[in-house]
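Here the chain labels run A, B, C and D in written order, and each chain numbers its own residues starting at 1.
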């Protein structure tokens, strides 16, 4: 790609002053206010002329030596060397970084600009605020969860959110319910204890759990009969939180409540997505993308005003979040972390948010 | 691979009873105690003969129908069908799963047997116990951390561990200290605020931070002069926790304390690894593998007895942990999660562990 | 973990000779045949006594200096220093590595021992040999593929495998067929051209493609009517390769051939898995695990002999392969790579294998 | 986020015609030219009024029924239902998608818009064209490679690129050279054969290889003495391609040619980056980011004109590419795939490109 030169006729560039230089006071140290370079074409105004420094690189300074401009690392600076001083990159301090050909107008060189990254901090305060706010204004937050949430120890935290009124509806697959019910009956998920050991005969335990619910006739019946004593499905049944369990070709069983026809399953999910005012998608690619397909990016308030539907997508890899966005759910905000740890910390922050509002957990 | 047949002459198999069958009481439901199948060659003893069921698959049951053995899913079971009942897979209940050719002797079919997986629960209780125990018995736990820990908000939690005596020595690279010091001076890391926004002129802030420390002469001097007011490096300096900052080709600056020669840097690290009684490796491939190279899998107690060095490796992907093991650090225990969330929850559990021992934080 | 001491009474250890030492001829260089250390407890026999070297680490040598044993890096060796010489680790050359407490008996310290890793080379020769062999002996290889295979440019290679008799049956989801048919009609997948550009109005193209097949009534009808002119589904129809398209909650449409009920879909898949003599799972977690659930680890030959079903699982991350194994498909052999590149190279190697057998492509 | 309403006073919207509706001819099939919905606020002009359809979702059509506008999936369409017909989303066909509040002006709803994704096809033709072009015009392409490239079987392909003049300089770490030399001497990398088996005593082979080169004094000397007989380092030496081997704290040895001081190492790398006209970064996070730090995004031609430096970053995960961009190397073009497969296919395409230019490999 050829890079078109800057538009030197622009008023801003024409009016630019000469760049300022200050002598370094110490070997290996830039003077305060030094201009920190980027990797883009950079022009420095000296004696009315725009010139490019030699040996460009990012994270350096610009040195003027024997009439020559050079980019130099701080460690190579010698006492007395003249170093360019500026913070603006638009020419107003005599240095112009030609970023337009790279980023378009109105954008500039930045670090950490990527959309989704495990390196971005998770703003739990804001998430907690949103979640509490939803409950306050009687919104309809839908939660879409994958089995990782049960597999690991986030199960208790999910129960807490259900029982305390933060979940409008739960959309999940057969596996979430199977693992959850195995955990209630046998204390394991796929035969693994909650501390990660493998139980004897463990590979059959989920099949035995499914069989018991099939015997009972439904999850609600199994709760009633005391077969399921705790956990996510128990909390949904006892707290009257509606759930949709949709099937897949991976399913063992399935459990009696699972909708096995995909067209009916989508219709059942959509019955909730059209009402949703927030969506929390945790540790599931299939269900997250399925929900994203049906979820409007906005909802209409009673006042007629439109609002964006906050859509939080939690996954252990950037890929799932990017994929969700690539299927059109651009509004999704990605949190790249482990589902278990996410649920635990989110709950702590929600508890703090409630405390700060002078409330206990109860509504 | 041809699969050698079972050794029918073994006493266990010769003594095996006939398999037991029980009629299903309901359509779609196995009788209690049904044998849950695997995908391995399976032999069922009927009338003194070992026979293989047709249409094998895992997660099914075994049906005997018109003299034929068939593997069937629970949902396909009809009331009155005869279903095999067993939990043992070694022939002692008339069913033999031929797992030896697949897993070797003394092993058997299991779920969740992989070494490192984000699906395994993190046993924070045990980690917390280990960490508190190390402090109690005056061990020498070394912490090796990558910049992700500072980038995200785990910084405060790391400070807590340092200030409360849980860190024998900190081994890290230039970037950890640079991000940490940028956070102390400007409230950003690589120009990103702690809630993930990008500060104006942010891409130069780490360079300005480095420059200030170079001006001061060392990190300790910068702490003394009030330039660095909080954070990880501040805590190390003020709590007298030794640190080794080793260089790399990625380094900006570097900071004055960084050992830029790799041979000297390794020697400095090894000065700590030979004393280590525990190692916590968080969010760094380079430093984790470097430490692993030098870290014995054991240490010798005053009594002369040998103990394993608990080696915890925390990373957001399975790959780093596997790689560490593939370079010989087999003793490493992998925790697949986000560094920020790990540090936060670990601290909570350590606080709980301390409380349960009737102590506050202070030693 | 306390480490029990070696069993010094074992005949092998009792019979062990003294360790041999040779002087280094040059600074920084070990003598030939030097013992290369591990991170495990190591005992060196000197004057009838087993002693442990100080300052242990892996990848070092053992130096005997003033009666003291020390582990030293090669770069620190001085000319004339006495260095231990041995290759055996079982004591037979006077050095014993105490690996039993770490790995159990009959195992030893190794690098690169992990099960699934992107660092392991892909043995394309062997894969190609297996695939050609399957065709020669009229096996029933089933291919299970995810949409990534169509999304990227592996589509043409998949067609080649279908048309040349290497595919017994194709099991996939709605998305594979939708992307493939969009590619045939519009030259895009989800609106992206085969070189990665985004077509105008692209987000609706897959919906238009689906609509045209729904109008035609079936994929076969759309092929007959000339709507679908090439690609994977076209090849299946024109080469009489059976396919099963199973539904999911993510599906757009779906296409008329898709089995939307999951119980029926599983039954349709199982119709093929019970006949399978090989399975190739490419770029799909859902379908790979679903197939793994139903696929026996073995099949029975006409001779009555059992053989393992070669099960190749190709994915861009270790996680999917580990997950498949963690759900019981231990026999799966993982290839961690990009689906597009895998298909392209596999085809090249199959062509070479055919050439080496003196055959063209045709059967 | 509240969503500001569209600017109804804009000339385009004021001039918009009424939306067009056509009756469906068949159950479950949209009429040709149907408007394919997004998840964004959508307004349909009917009788001079802009109205929003109820029950919005993406990938649906818009039905007008009893004066009501509804979004419906294709499968739910009934013969005779009136369906909106349009392809434009800017109101010019009577339907307006209000995308500005989500994407800003001049942007619109798209699939597959993410920057870096394994789902994006790799344009090998274009890469091959660039690489051949560089050689033709005597550019200075620098290659930066990680050990994965040697570990797996891309080694032979890398040699081919070096020997045929496509590599201006090679920048790598100690490990690349160590693995490569171990492969030349012992046929293994870290004790693993090229088909993935583990050699006996394998964990010490890289140490023996290093020791032999240290004995010889340098890589070039070891080549001259016939110790190193083939491979990447051999090719560099015999083809006079300059290489820079930089050290790290992970290094075993190191080899004699490795620059162990990081400041000197960076200076040596920069000697090449300031001349670079192209950069190919394969399978290395550390070296890629280090190079990115020093590599200008542009170079100046003899004519004075500026051109972008094509910067190709190949890695098995999106994360490394995003990280590189997040450190300022925005110009990097990401290829998410396995290094071994990448090298093999790239070579095939370069051979094709050469053939199409009527040249053999030789310059």
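The working rule: a contact is a pair of C-beta atoms (placed from the backbone, for glycine too) under 8 Å apart; a residue touches a chain by one contact, two chains touch by 3 or more.
All of these numbers come straight from a predicted model, not from anything done at the bench.
Peer 1: Among all chains, whose Cα centre is located farthest from the one for chain D?
Peer 2: B
Peer 1: For the interfaces A-C and B-C, which has the higher count of C-beta pairs in contact?
Peer 2: Looking at contacts between chains, B-C has the larger number.
Peer 1: CA centre of chain B versus CA centre of chain C: separation in Å?
Peer 2: Chain B and chain C have C-alpha centres separated by 22 Å.
Peer 1: Taking each chain's centre as the mean of its CA atoms, how far is chain A from chain C in angstrom?
Peer 2: Roughly 30 Å, centre to centre.
Peer 1: Give the residues of chain B touching no fewer than two other chains, as numbers and ranges.
Peer 2: 38, 58-59, 75, 109, 111-113, 118-119, 190, 203, 252, 254, 263, 266, 293, 317, 326-328
Peer 1: Flag every residue of chain D that touches chain A in the complex, lowest number first.
Peer 2: Residues 1-3, 5, 38-41, 52, 55-59, 73, 75, 101-103, 109, 111-119, 263, 266, 270, 273-274, 292-298, 300, 305-308, 318-319, 322-323, 325-331.
Peer 1: Using the touch definition up top, name the residues of chain A that touch chain B in the complex.
Peer 2: Interface residues on the chain A side: 26, 28-30, 32, 34, 36, 38, 58-59, 74-75, 87, 109-113, 118-123, 125-126, 148, 151-153, 190-192, 194-196, 198, 201-204, 207-208, 210-211, 214-215, 252-254, 316-317, 336-338, 340-342, 344-345, 348.
Peer 1: Please name which positions on chain A make contact with chain C in the complex.
Peer 2: Spelled out, the residues of chain A in touch with chain C are 190, 203, 246-252, 254, 260-263, 265-266, 269, 285-287, 289-290, 293, 317, 326-328.
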